[in-house]
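Okay, so subunit A shows up in both of these, paired with subunit B first and subunit C after.
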Partner chain A sequence: MDDLKRVIRDYVVKEYLEEGDDREVTETTPLITGGIVDSFSMVSLKRFLERKYSIRIPDAEATPAAFDTVQNIAELVARVQAGAGRA
Partner chain B sequence: MAYAVAVREHFQHELEGLRGAGLFKEERYIHAPQGAEIDVEYPSGSATRHVVNLCANNYLGLSSHPEVIAAAHAGLDARGYGMSSVRFICGTQDIHRELERALTTFLGTEDTLLFPSCMDANAGVFEALVGEPDVLIADRLVHASIVDGMRLCKAQQDTFKHSDMGHLEEKLQEHQDKRIRMVITDGVFSMDGDLAKLDEIVTLAERYDAMVFVDDSHATGFLGRTGRGTHEQKGVFGRIDIITTTLGKALGGASGGCVSGRAELVAMCRQRARPYLFSNTVPPVIVAAALKVLDLIGRTTERRDKLEWNTAYWRKLLTEAGFDVKPGESPIVPVMLYNAKLAQDVARDLFDEGIYVVGFFFPVVPKGQARIRTQLSAAHEKHQLDRAIEAFVKVGRKYDILGKGKKEIIEQYGL
Partner chain C sequence: MPELAVHRYPTYEERLAGFDWAIAERELGHRRGEPLNIGWSCSDRICERGDGAKPALIWEDFHGSSRTFTFDDLRVLSNTIAASLVRLGLGPGERICLFMDRIPELYLGFLGVLKMGGIVQPLFSAFGEDSLWTRLDDAGTAAILTQRKHVGKVRRIRERLPNLRRIVVVDAAGAALQEREIGFDLDREPRVDRFEVYPGGDETPSVLHYTSGTTGRPKGAQHVHGSVVAQYLTTKWVLDLRPDDVYWCNADPGWVTGTSYGIIGPWSNGATQAVLDAGFNAERWYAFIQKHRVTVWYSAPTAIRLLMREGTALARRFDLGSLRHLASVGEPLNPEAVVWSQEAFGRMFHDTFWQTETGCIVITNFPGMPIKPGSMGRPFPGIAAAVVDPHSFEPIAERGRVGLIALKPGWPSMMRAYWNNPDGYAAKFRNGWYLCGDRATIDADGYFWFVGRDDDVINTAGHLVGPFEVESALLEHPAVAESAAVAKPDPVNMEVVKVFVTLKKGFAPSDELELDIMNVVRKRLSPLAMPQEIEFVDALPKTRSGKIVRRVLRAREWGEPVGDVSTLMDD
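Presenting the complex of A and B:
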């Protein structure tokens, strides 16, 4: 797991798992469809990523599918960073 | 014709999808006034069955109380059936304002505004009060109507882990740069029946300069020594900035809700809350009956005391029988079954035994948290609860879940 994914994974565990919830979160653990993150609380993850990486994730890109696994989220961050770089 | 075959098929497919996923909701026709025992036609077309009702929000048993019905009749005669208007054109009668004043006194606030429902109150209140420079910080288990209301406004949104005060404090610290911070919670959480830690929330809110919003729909009328709600129970009566609540549960159970709180906030809702501005006034008959309800519960705590006794007794019966019951002090008593199919099967068998309860499962509750939610009423008598526990034990034995906890039930039935 690279640094980006580890940062995302650690945030997900800290922000969303209740105390005593020892579910393992891997790169491919389904977060939204797996019931760990719901669309209501997803917004804090988006804000965390935007602050941490100084990016702006367009609302259209912040879909439940794009936020469903650590891997998907990392790809989204990389894609937005690359887009910002080109601009 | 714009309703083309393909469009019809699209919706038929959607409905089939709901059926296939076990998410299709079916109504059950009740051939009686609401009460502790009712006659239910289910499935549709079958003969009615006489059952003990353990799934209504009729906490104080006032839905069909003779004095409430008489007051409704009198209100109908005195003020008519409909107003054919929103409040601010020609839809406000003297009794609307009288009810708002009575609710203000009862809830210990500064002013109150009636809405057609608490769903409408929650849908309108945030947009009326907060905007882009502000933040709403909500408990993750708040009612769906609050989630909808938050989505309708432009304020930034955040959430904290359910009743986790450490997490809430982190969020309050994080958002110190916002103009207005508002902490949002249910007083009693509708699926688990647990109470918000309102005393701790108020302390944190004062420390970090935040307002406190409570939806007390599952508490108004019975929680606390005199039934004022969760804020009375938790010792913070008079210290909540905004309370939304309903007339549709303990307070007669018909419909109607309100925003109650700081005078300026209520005044802003009167100017800006869209469900108040654009939907009809609460019908006079409901207003008249609600005034009677407040009169009744202001005279004596007898009904909330009986509800408290019934709740303690029912919890004791279930626990002694070996059911896995969520601990708590509200009249919402969830019997945990974890597996969605098991929850549906147990509810169906209980109905066959003359007990009306409903199974709840994902997405209404988190995955692997399926349950039967039982709800007590002051209308219940001891013999009805005794009858109900007999049926619960019979069905519990059938599924071999008595004396078993989460781990064993999941081992037996899976998630």
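Presenting the complex of A and C:
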């Protein structure tokens, strides 16, 4: 797991898993469909990513599918970073 | 009224003619004054009529694993839970909370609590510890059934809950339990085939659902076993459930839709229902409908708008031809969503209106009735509904004039009280009308049209969030001096929570602080209550007596006139 994915995974575990919830979160664990992060909480996860990586994720790209796994989120962040780099 | 023909729906006038709730009582085999228990009505009664082997619950988790429970399974397993609760020393009239995800134990436990005479108190499992404590404390809850993943929240508040004697963990295998906690594994528990069901009556308390208001703590709307009469008939007539249907209700039983129409309505009708214990994912939802051949779907505008965002093409990749009837609840269904559903599914969603306090659908679009996209429909027979003047509380005769939605109390599933709050209950009635807290108009054809809330409550994705609760949680944050929570328009959720915050000396606005405030509210209250936007301001609008005036902030968010500001303090 690379640094970007590890940062996202660690934040999800710290912020969205309850004490006693011993589910393992891997880069392919379903977060939205698995009930770990819901569509409302997604906004706080989006804010975290924007602050951490100094990016702005367009609302149109912040879909439940884009936030459903650590891998999807990492791809989204990388895509937005690349887009910002080209601008 | 004659039995409904399969392919011809009665007209609205035919449904009204000679209507009496006794229609439902007869079909349920119930006479007023005789024993009645919802737990029995939804399981044993269906078995006694010969449908014990029929699937009652097709349950699937997010991995795609599924289990099927027959009505006889419902009967025996709810008996098993009821007997276990009695063994734990719990008795009739005690409040027993269900704090679980949509796992089978939630549905079976609901019936089990009712069968032993307890008052079942379902709470949304995403509630944070403050939301949980407020509701358990108010109800004086004696026991809570929960899961390992949620027990941490209970542990953090249990010392402040002296009435809470039992904490039952339904998936405790391998977990280290603590004081007052009991492990319970339904799969290993000896089956109880015969259980003496508590012989409640029409007026025996059954379900306690909490709902938020503008001020003060959330209020516990207390319902009775007799509510099944209304829930049975509205399910049959509005959701149009028939013997061969497979029904899917998206709602979580932590909210009233998830119990009235996610448990009581379908099962008292002997219908098969499918439950998906997974978060939103359009492909997954369509695959679920396709796999289980869902015929009747009761959803919510927020979910429909999320599906709209994914486009019609995605829907067409799946075989959704099993769908026969679609209905929606939670907030007004916008006309675009109604029209889109016709394109995507070949069926229009039928909007329904009701609330925690009413216990059943009260204004609705019936199957077979011409739909006016955007309208709430017409009152259910047996429900006297009007739009009343906000000052005189007299019905408005003039068509199209905005007033308050009002209902004449007396239908079977109307709440009987707010728990511990007689003043709050009394305040909901004026001039003999129950006031829903919503504004609407009625058109020349008698259709109701929603205009907006009549208070500061925020309706987000069909769930009510009280601004006072959010502001109270914000005050716990060390940086927050004052705050005001208001509804902000949102294209998917209709409204979301926005807060205006003034900071204490020594704190400055920052992205980090914004995120921290969001997370504090999310964890203490719930994700629904988490502000989706935070605006840091130097001062909040206040009256000269110092009361924060939310309406000014709300009006700005909605682009509406601010109204009279003569009583506000100068900046």
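The definition used in the following text is that the second predicted complex is superposed on the first by the 87 of 87 C-alpha atoms of A that agree within 3 Å, B and C clash if a C-alpha of one lies under 4 Å from a C-alpha of the other, contacts with A are read in each partner's own complex, and residues count from 1 in each chain.
In the analysis below, contacts are C-beta pairs under 8 Å (C-beta built on N, C-alpha and C of every residue); 3 or more make two chains touch, one makes a residue touch a chain.
The structure displayed is predicted, hence computed values, not measured ones.
Novice: Once chain A of both complexes is superposed, is A:Arg23 in touch with subunit B (first), subunit C (second), both, or neither?
Specialist: second
Novice: One more residue to check, A:Ala65. First (subunit B), second (subunit C), both or neither?
Specialist: The answer is second: A:Ala65 touches subunit C but not subunit B.
Novice: Have a look at where A:Glu50 lands relative to subunit B and subunit C in the superposition and call it first, second, both or neither.
Specialist: second
Novice: Which chain makes contact with more of the residues of subunit A, subunit B or else subunit C?
Specialist: C
Novice: So, A:Asp38: does it touch subunit B (first), subunit C (second), both, or neither?
Specialist: The answer is both, since A:Asp38 touches subunit B and subunit C.
Novice: Subunit A residues touched by both subunit B and subunit C?
Specialist: Dual-contact residues (subunit A): 18-19, 34-35, 38, 40-41, 43-44, 47.
Novice: Along subunit A, where are the residues that touch subunit C in the complex?
Specialist: For subunit A paired with subunit C, touching residues are 15, 17-23, 30, 32-35, 37-41, 43-44, 47-48, 50-51, 63-65, 68.
Novice: Where on subunit A does subunit B make contact in their complex?
Specialist: Listed in rising order, the residues are 16, 18-19, 34-35, 38, 40-41, 43-44, 47.
Novice: Applying the document's contact rule, which stretches of subunit C touch subunit A when the two form their complex?
Specialist: 62, 101, 126, 148-153, 155, 175, 277-284, 306, 309, 460-461, 511-512, 514-515, 518-519, 522, 527-528, 530, 532
Novice: Can you list the subunit B residues touching subunit A in their complex?
Specialist: Within the complex, subunit B touches subunit A at residues 138, 140, 147, 156-159, 161-162, 164, 362, 366-368.
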